[in-house]
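Chain IDs A, B, C and D follow the sequence of writing; residue 1 opens each chain.
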Amino acid sequence: MIRPCDMMAVTMARLIRDGETVFHGVSSHLPMVALLLAKRLHAPHAVHLNIGGGVDPAIARQDGISSAGGNLWADAAAALTLAEVFDLSMRGGLDVAFLSGVQFDSTGGVNASLIGDWKQPKVRLPGGAGSAVLIPTARRAILWRTKHDRRTLVNDLDFLTVRGHVSDLVTPLCHFTMHQGEMILKSIHPGTDIETIASSTGFPIRYIRLDSTPPPTPAEMAALKEVDPGDLRNIEFRS
Amino acid sequence: MIRPCDMMAVTMARLIRDGETVFHGVSSHLPMVALLLAKRLHAPHAVHLNIGGGVDPAIARQDGISSAGGNLWADAAAALTLAEVFDLSMRGGLDVAFLSGVQFDSTGGVNASLIGDWKQPKVRLPGGAGSAVLIPTARRAILWRTKHDRRTLVNDLDFLTVRGHVSDLVTPLCHFTMHQGEMILKSIHPGTDIETIASSTGFPIRYIRLDSTPPPTPAEMAALKEVDPGDLRNIEFRS
Amino acid sequence: MSKLTSLRDAVRAIPDGALLALGGNTLNRAPMAAVYELARQGKRGLRLVKTAGAMDVDLLCLAGGVASVDAGFISYESHFGLCPNYRKGVEQGQIQANEHACYTVISALRAAAYGLPFMPVAGLKQSDLPRAHPYFARVRDPFSGQEVSAVRALRPDWAILHVQQADELGNARIEGPEYEDILMSRAAAKVLITAEEIVQEGHFRRSERKAQIPHFMVHGVVYQPRGAAPCSCQGCYPADEAEISSFLALEDAQALTSWLHERGRAGI
Amino acid sequence: MSKLTSLRDAVRAIPDGALLALGGNTLNRAPMAAVYELARQGKRGLRLVKTAGAMDVDLLCLAGGVASVDAGFISYESHFGLCPNYRKGVEQGQIQANEHACYTVISALRAAAYGLPFMPVAGLKQSDLPRAHPYFARVRDPFSGQEVSAVRALRPDWAILHVQQADELGNARIEGPEYEDILMSRAAAKVLITAEEIVQEGHFRRSERKAQIPHFMVHGVVYQPRGAAPCSCQGCYPADEAEISSFLALEDAQALTSWLHERGRAGI
């Protein structure tokens, strides 16, 4: 049985190319682990940028509470503050931003702000953090969400926190990719099927060529355990 | 015989009040010494800001080449880059800026840019450095110039580098102050007289009450030798 | 010229209704001791500014002291979930949620630090945020004529920052992640420093690791070991999960008062 | 992924006509070895950017390689006087003097670093500079309607910075005054580092004094002891007055060529 967190971490890691500058923010243990995994495997020169401010931290010390803490600074060679990481993206120098949200539509729109009417929200969400400026400026934004249901993948967003350079969306069930302005299904994770995905998705499922997401290889699993001995990739599923 | 550099340093030092934030830039040994003198005497809590970036450096090491060097950083407690010193002035937090120039008029206008026509200058001057933004934003700008002649104190500037919050102008001959938008004579240094000043000044000399600049006191001279053992205050007169 | 004072006196100087920038990020180096004291003194109408806040904002919301929050992200991380008290306050209409991209908070603070009424912002393009909030606008580049987004300056009345080291004059040094603290010290009209350690001024003078916040920007220094707890403080202590959970179990402002009172007696 | 290269190869990558930011300030930590090499290679049409330049700018002007200078101040300090070659070039119409307030250079670099076409600037009010130069304009604050000055972004093709320490990946650390170097590394499209010392990457990782310029912004690293001489380099050496005077005695570009050749043979 493949755990969703492992399947997601591996899928997200595979999207990172060698040499790219990659940013993740707070509440982002899963992309953090995916990035560490990619650097261990096929993308050793990917550049790890984060809120803690360390560039390419070795992360000798795990932190289960925060993905924006001092452990991302302590053993880095260079420092770059959050403000400067944003600046980098604004001037076109950020290749990949990992971002999440609560609602996603088929156009790549993201809502991380609120549920209901914005003038009097039913649910106040945390907010998009850097999304509103990063998704339009990073070369590509990779979205992830540990829930896949019709309240998450919707036809109509309650609020558009941002639309921009979304390239991929990874969920516990599948991997979507953007194609000509539309979010289409790219691959289905092992253990589910297209009917389950269609019934769990609020927008119509479309695809050009449908693959099965390759399950984590033994090498990927071994590396995953090395870069994430504390199983931080599973935090969002435990909560 | 009082040396002009001593008279100027002491006159400039007396203009600094305790607790004020005070900036000087490059080519500014004279105001640097004046500030160190003021801090030694009546203004111990004046804050010394500079291009080297050290706040309140002790300046254990003298530097005759530059008033923007690492000696202004090495033994400071806090660091504040030039950009941040400018920011401080822009937001209204700088009390005093020391600035020089090549031409000055009776309205407090300063030319540090060029002689002749700006489209094809006869003489290209160094430029106003920070003057164009500091003189209008610092609470007051104290000007100094080691030359006092009709080419320096003029009726018409060749180019207005800046006009702003000029409060004082100190020369080897006298001390001017701004009064209702006009540069008026405040005090005459020992060893000269109003006729000499009038004939050396390109704009009409006006004053309300005319004083003699008090000569450096023995305490001032003693402190001056302590803070400036290398006689940096005399550099502009030697060159 | 010592600015050393007690936390109580320092926080007394902060008026109700103040625009207040809080240092740190989420559960890292937030100025929690000062936040506790703001709640104990029953401050009202505070307008908070932060890129990403968590327990600091949530606690002041439970205390009933918050009028508005300008931030990009207000939530705990990992298993602690959303900020229940902030959510409730916003959903009940008591607290104004001024949502930013974290970067527009930074840009708004930069505008204040640079003495500007606004800051242009690249990147803010397809979003409902500018439509929903009056602090966003568009401005025309005077050179190319193209339009770019802009955010209104945020000039905090106070920045409250917890640091590892300060001297009694106010020179303060942050070790490890700076987050927006240095910028906040420039943008705010006044700065309150709480510090793990009070060092001699000579300590910074002899070191190449200078204070990043110079004394003249600082209006009060409080010696406050563990002043970020239960949040983490780089090089000093990790976050205290049990203590955060203990806070999250509180049901109302009255329970918070007792909880803070207990901690006050224990010297926290 | 080592970026270590020779000064000659590194400078070859810089094309004629490049917009070039030079680190340091006046006679402090200017990247003189790289400036010598630019002159040796006979670069033409360089457009220089700096808040306050001195011998670096003056030497390139004597070499005939400069088309324009965007700066707030171009002069030696103290007894060395004005920059004769810069003056002559401007006065003879060969060099365009784009006078800034030093702060408007900073603001123009910030605009580039922040991905913006312009930056508003407080302070630039009563001055002929905006009238004389097309890179200044006025812009209206969209919130209050009030006007404020603005400067056009300056995005250098290259920043050339001399630092005390770098590793071969490009991580670079400046000790002491930073001047505009860190900002230049962000504003420029490419960065060339010359370094007094090449350290292991682990050196920065183990230290709390991190590199301020991260490797991925850097395109070439040159091991160049005394790479700022005859300017000063904090913690390494003071300015060399005799050498500066020796340069100032040169009468023309031909004399400069011989002077540079002599120094090249001596490994400078």
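Of note:
Quick note on the criterion: a residue touches a chain if its C-beta (ideal position, glycine included) is under 8 Å from a C-beta of that chain, and two chains touch if they have at least 3 such contacts.
Source: prediction; values computed, not measured.
In whole angstrom, the spacing between the mean C-alpha positions of chain A and chain B is 57. Centre-to-centre separation of chain A and chain D, using mean CA positions: 39 Å. Distance from the chain A centre to the chain C centre is 27 Å, each centre being the mean of its Cα atoms.
Annotation for chain B: residues touching 2 or more other chains are 54, 73, 89-91, 137. Those residues of chain C in touch with two or more other chains are numbered 114-116, 121-123, 176. Chain contacts in this assembly follow no simple pattern; the graph is neither a line, a ring, a star nor complete. This structure has the following touching chain pairs: A-C, A-D, B-C, B-D, C-D. Across the complex, chain A meets chain C through its residues 25-27, 29, 51-54, 63-70, 72-74, 81-83, 86, 89-91, 113-114, 118, 120-134, 136-137, 159-164, 235-236, 238-239. Interface residues of chain A, counted against chain D in their complex, comprise 21, 45, 47, 54-55, 58, 73, 75-80, 84, 87-93, 137. Contact residues on chain C toward chain D in their complex (touch as defined above): 114-123, 135, 137-144, 146, 148, 150, 152, 175-176, 208-209.
Residue ranges on chain D touching chain A, taken from their complex, read 1, 112-116, 167, 169, 171, 186, 201, 204-206, 210-217.
Across the interface of their complex, chain A is touched by residues 25-28, 51-52, 71-75, 77-83, 86-87, 90-91, 93, 97, 99-104, 106, 110, 121-129, 132, 176-180, 183, 232, 234-235, 238-239, 241 of chain C.
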